[in-house]
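Heads up, the next two complexes both have chain A, just with different partners, chain B and then chain C.
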Partner chain A sequence: MKKHREMIFDILLIVIILLVLIPTLLGGIGPLPPREIRPLAKAYLNSTLNIYNKDLWTASPEAVAAIVWDYRGLDTFYETIVFYTAIVSCLILYREILGKRDISKGEGLSIVVKRVTAISLLGILVVGASTVLHGMLTPGGGFQGGAIMAVAPVIAIVVFSRLLVDTSRLSYSKVVTFRNLAILGIALTALIPIILNFGNAFIFQNQYKRSINFSYPAHILDVPMGGSLWFLNLFEGLAVLMAFYLAFNIILYSEEVSKEVILGEEYGY
Partner chain B sequence: MLEETIFIIIGLISMISVLFVALAIVSKDLLKAIMFSAVQSTLYAFLLFLLMAPDIVLVYIAISVGLLPLISIVLIKKVGRYEKA
Partner chain C sequence: MDIRISMYIATVVSLYVNIALCIYGVISKPNLIKKFIALTILQDSINVFLVLGGYRLWRPGLLLQPPVLLNWSPTSEDLKQFLMKSVDPLPQALVLTAIVIGLAVNTFLAIVIIHLYRHFSTIDVDEIGSMKKVMIVEESA
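This part shows the complex of A and B:
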């Protein structure tokens, strides 16, 4: 019986691979896109780093970041809010134990692992930070950099044990505050042009438009800054880092503590 | 010539990743299954890089090789490492 099942599994796998492989080899996915720059790409490139016509440009050589945070800024803002709300609802489920000290007095892993981790943690944070801060020049940006940086605290909790969180000065309420401030930063970056121009500006305005004389810095010391993109990336990165930190903080509570939440119903409160 | 080479590499990586998916499904040791799926994710990240989507690669590496295996390991720590036959 078991052998038959394994055989059926193998045959199914091979059939699936062939089903995908043969049409692909025979050109079943249709003609490949043409090699020259298409009109849509031209439109995007004209509005990202166009030094000849600065009326609609975003001052950023990175087209993806320019699109995501400039003229599709509201979309990205809503995505950020969805992620923010998801983590908030996750925290609400565990509201009884949030910020509590863990009962386990773990010592973490061995000294060798601790030393190696301490060195690589720095590397992870630097790579994440550079992804965030260079988001307007190279691929990457707020979410990507934030997710990379979020790996660092998670590994730290696993390797140095949860005692690290309990003894550190970065308490639960401080992390929540930082996260809210980061979201507020995104909103303010979007609203500052409107406030400074007494309502006569666009939301998520980056560079000056005709008749609206407000722009975030396009260059600082010859480095293209992408105007508002740098600030938005920075705040987004911080928000994502804090969000992941909070989520893993809850997940890595020891079982005795996290069970309190689930047992609530049985004790009648 | 370069384009064909890249396509051949993409094909090879896809085939190897299928192998690791199969191993992850078959494996009774769940910790090993997580490792296999992490290897598959690494190969996918390489695939995305060859398809010229570096923005996706950066977030995919962090999520699928860093955070997702960790959540899964926390999970199997609570439910037991070996799948019952």
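This part shows the complex of A and C:
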């Protein structure tokens, strides 16, 4: 019976693949592969660093970053809020033990590993920071850079043991505060044009628009800064780094402490 | 047939097969970690497929160079060349959003799986189901 059921399931999957594949290859979603890009893509690419027509430009040569934080800035803001809420819901699951000291007193790995890690941690942080700060010029940006930097605390906790988190000055409440400030920074960057122009500006406005005389700095020392893109990338990078730090922090609690959460459920807390 | 087009078709076919295998993994595997791995590969396959939607066939006779602006103050000829070589950036930007939201869901799922393991000492959904049945029977008795 089970074999029959699996066989029917396999045949069904093959039929579904063929049903989707054949229309795709016959051009169901347009000619594939196209020689020309879509008109919308042309409009984005043509206006992102167009110094001859600055009506819709973003002062950034990186078209993807320009779309993410300028043309479709609100989309990205809501996406940031989704990520923020997901981490908050993870923290709520472990609310009884958050910020507690771990009872295991590990000493970490050997001195050789510790020294090598200390050097490479610096490298990881520098690469992450450079990805964040050059997000308006090269591929990458706030999220990618933040994700790169988030590798550092995981390696640090594994190599130097959890004692590092417990003895460091970066306490749980400080990390949560930094994270909230970073999200607030994103919201303020979006709202500052409106506040400074008494409501006569666009939300997520980056550069000068017709009749609205407000621009974030387009160039610093001849290098395109992407205006608000640089600030938004910076705040997003910080928010992502702090979010991952919190998530890994609760995942890497020792079993004894984590079991307290389950005990709480049994007593009906 | 042109080698580029046959490679393109091979990529589309392999992505669809990958997507189907991942759906199979999510539905049929009882182990939650295996389901989770299948789900992450499914997300990535769909993302690659979307990026592929913005791909364009290289024009014959055009110098093979990446679509990068080499000048901070590009001339209109530079911009024309940039437009002729660039792929569609919109799917890439939307995929970036999808990756972040996917990661948010993945982080939450990972924590829920750890939570379930600490509660039931197993990550097999069939076993968890039968344990819950016993618990419900005990509570109602």
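As a convention for this text, the second predicted complex is superposed on the first by the 225 of 269 C-alpha atoms of A that agree within 3 Å, B and C clash if a C-alpha of one lies under 4 Å from a C-alpha of the other, contacts with A are read in each partner's own complex, and residues count from 1 in each chain.
Please note the rule applied: a residue touches a chain if its C-beta (ideal position, glycine included) is under 8 Å from a C-beta of that chain, and two chains touch if they have at least 3 such contacts.
Computed from a predicted structure; not experimentally measured.
Undergrad: Name the contact category of A:140: first (chain B only), second (chain C only), both, or neither.
TA: Once the two structures are laid over each other on A, A:140 reaches chain B alone.
Undergrad: Quick check for you: in the superposed arrangement, does A:38 touch first (chain B), second (chain C), both or neither?
TA: After superposing on A, A:38 lies in contact with chain C but is clear of chain B.
Undergrad: If we overlay the two complexes on their shared chain A, which of chain B and chain C does A:158 touch? Say first, second, both or neither.
TA: The first partner, chain B, only.
Undergrad: Look at A:150 in the shared chain and tell me whether it touches chain B only, chain C only, both, or neither; answer first, second, both or neither.
TA: first
Undergrad: Is A:46 touching anything from chain B or chain C once the two structures are fitted on A? First, second, both or neither.
TA: Only chain C; A:46 stays clear of chain B.
Undergrad: Of chain B and chain C, which one contacts the greater number of residues in chain A?
TA: C
Undergrad: Applying the document's definition of touch, where does A:17 land relative to chain B and chain C: first, second, both, or neither?
TA: Both chain B and chain C are touched by A:17.
Undergrad: With both complexes superposed on chain A, which partner does A:131 reach: first (chain B), second (chain C), both or neither?
TA: First partner only.
Undergrad: Touch test for A:64: chain B only (first), chain C only (second), both, or neither?
TA: After superposing on A, A:64 lies in contact with both chain B and chain C.
Undergrad: On chain A, what residues does chain B touch that chain C touches as well?
TA: In chain A, positions 6, 9, 13, 17, 64, 141, 143, 251, 255 sit in both the chain B and chain C interfaces.
Undergrad: Where on chain A is chain C touching in the complex?
TA: Chain A reaches chain C through residues 6, 9-10, 13-14, 16-17, 20-21, 24-25, 29, 32-38, 40-42, 44-46, 49-52, 61, 63-64, 67-68, 72, 75-76, 79-80, 82-83, 85-87, 89-90, 93-94, 141, 143, 222-224, 247, 250-251, 255, 258-259, 261-262, 265.
Undergrad: Spell out the part of chain C that touches chain A in their complex, as residue ranges.
TA: 4-5, 8-9, 12-13, 16-17, 20, 23-24, 27-28, 53-57, 59, 68-69, 72-74, 76, 79, 82-83, 86-90, 92-93, 96-97, 99-101, 103-105, 107-108, 110-112, 114-115, 118-119
Undergrad: Which chain B residues qualify as touching chain A in the complex?
TA: Against chain A, the touching part of chain B is residues 15, 18, 22, 25-26, 54-55, 57-59, 61-63, 66-67, 70-71, 74, 78.
Undergrad: Please give the residue numbers of chain A that touch chain B in the complex, ascending.
TA: 6, 9, 13, 17, 64, 131, 139-141, 143-145, 147-148, 150-151, 154, 158, 244, 248, 251-252, 255
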